[in-house]
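Same chain, two partners: subunit A is paired with subunit B first, then with subunit C.
Right, the complex of A and B next:
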């Protein structure tokens, strides 16, 4: 139909609601996680380069700049994980007969519980 | 600003026969803490300016007709109380992400096409005669989709969704939630028909799970949840396609 008014696209749409901004921050955390993955691959590559190359790479990672980068990546990863688990009850509802498992319980059963369990196993495996 | 028992409404005006661009017009109306924004707009139309055009019907959050942007937030104006804004002015605009027909009225054509596309009704391969009675359903089966059946098609979720505004092919929150509602209905046998539409290109996958559709939904339908569940269902269908080629099943 003619005569309709179409609003222009808003390039700064993500500033219009706090929820949009939270979404963009969450998307941004993926960049840090991808960056950390590159570091991880570089670490594996240094292993391939022999014991000396690995030791040199690990020593380099101990620098303040690398430590700061790791802290930032960790914060981003934790934020990503927490928001991911927050979405679990919405995306994967669990029903017991007619009743739906309450959100916080579903987050523990399907998110935090397995996460902490796997983390504990990894910690045990590393420090045993 | 408002004073002495008055409140100002700034109304989005656009008359296609005379305007090329929209403008805002201010109206001062009596302030009553029991009034909702819709009451104030009706007062303007009845007492100040009969040319103000808006949609409304039930005034009780059931019909879904009076959705508008109230101070930038998608709201049912029959449920947006003036006391939550007073003494500040209230800015009322038509829902964003829709073409504007006139003043506060948006075109619903695209939305209706999207609703139609997901076949929001029960599809049966074998249709029983009415003499055979109802298709029975247990309370547990009802619980699987009941939340998604509460949608009143108010379109607030479309106004809250940034993807709707940027991706024309995206079917949008309400239509996808309704499609998922019928896919989850134990009486329905039309999931494959519906999924063919929902799984195409950006129809459903356009959703990036911003989640604001569920925040603004006045009926707590949680369309964002419905879409993520439908995506999981779609992914299952996709992988099933590898192990169970079409036509191999019963």
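Right, the complex of A and C next:
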């Protein structure tokens, strides 16, 4: 990074503008998702531990504290998905011949559509 | 998918030097995987598996165990989990850089990507054991 000049800024620069704060909240979703992924792998590990171990782990997940943690994780994961797919038109413009696919269409085709499909299949598999 | 991501005021620096481009590619792929799968995973482990009714809960547990015991699902899960971990830890590294640790950009690679790698190896080991 030598040879570059960065204007010095306070570490809490992200409190200065709403846009900066939104950026920081989006970045923080990754902390909660990483934490949740550890819980998810622990769930898989309990499946590997046999039926009794899995049932015990699921019973633990039913506690209010774990429910609250899952609410936080869900908000973070949904916010990650919305912001990530929201950036599709800028990050991956789609062209049909000469015409550029309109932003909302690209978001649905490349983002929200597959997201809803994948989520529906997973939820259906468990509750069917 | 990385336009504007992870670069607050202060910039991201040239991607060609120091192999940054590789981490951004992993970041993008992981971002897609996390966005597609993690919300549904949270709904399943947080709200569907711990159903109030014991009979329903045991049926759902059986359906979940059956799915994750199937090898194509294991392979897919390993891909989703690994890429998502790298996505998250790349963002965490840039988050730390953005709040004042930019001068340690290089040194932060080992703990951040190392943690992602360790978590992925753990996930692989867990999936093999199902």
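One rule holds in what follows: the second predicted complex is superposed on the first by the 118 of 128 C-alpha atoms of A that agree within 3 Å, B and C clash if a C-alpha of one lies under 4 Å from a C-alpha of the other, contacts with A are read in each partner's own complex, and residues count from 1 in each chain.
As a convention for this text, a residue touches a chain if its C-beta (ideal position, glycine included) is under 8 Å from a C-beta of that chain, and two chains touch if they have at least 3 such contacts.
It should be emphasised that the depicted structure is a prediction, and the values quoted were computed from it without experimental measurement.
Touch criterion met: A:19 reaches subunit B, while subunit C stays clear of it. When the two structures are aligned on the shared chain, A:77 is found in touch with subunit C, with no touch to subunit B. Once the two complexes are laid over each other on the shared chain, residue contacts for A:90 go to subunit B and to subunit C alike.
Ranking subunit B and subunit C by residues of subunit A touched puts C first. Of the two partner chains placed by superposition, subunit B and subunit C are both touched by A:9. In the superposition on chain A, A:100 makes contact with subunit B only, while subunit C stays out of contact range. Judged by the document's definition of touching, subunit A residues 1, 4, 6-7, 9, 13-14, 20, 23, 27, 87, 90-92 lie at the interface with subunit B and also at the interface with subunit C.
Within the complex formed with subunit C, the residues of subunit A that make contact are 1, 4, 6-7, 9, 11-14, 20, 23-24, 27-28, 30-31, 33-34, 36-41, 43-45, 47-48, 51, 54-55, 58-59, 61-62, 66-67, 69-71, 73-74, 77-78, 80-81, 84-85, 87-88, 90-92, 111, 114-115, 118-119, 122-123, 125-128. Within the complex formed with subunit A, the subunit C residues making contact are 1-6, 8-11, 13, 28, 31-32, 34-50, 52, 57-58, 60-61, 63-65, 67-69, 77, 81, 84-85, 87-89, 91-92, 94-95, 98-100, 102-103, 105, 119, 122-123, 126-127, 129-130.
For subunit B in complex with subunit A, the residues that touch the partner chain are 14, 16-17, 19, 21-22, 72, 96-97, 99-101, 107, 109, 139-140, 142-144, 160, 162, 165-166, 208-212, 214-215, 222, 224-225, 228-229, 231-232.
Listed in rising order, the residues of subunit A touching subunit B in the complex are 1-7, 9-10, 13-14, 16-17, 19-20, 23, 27, 87, 89-93, 95, 97-100.
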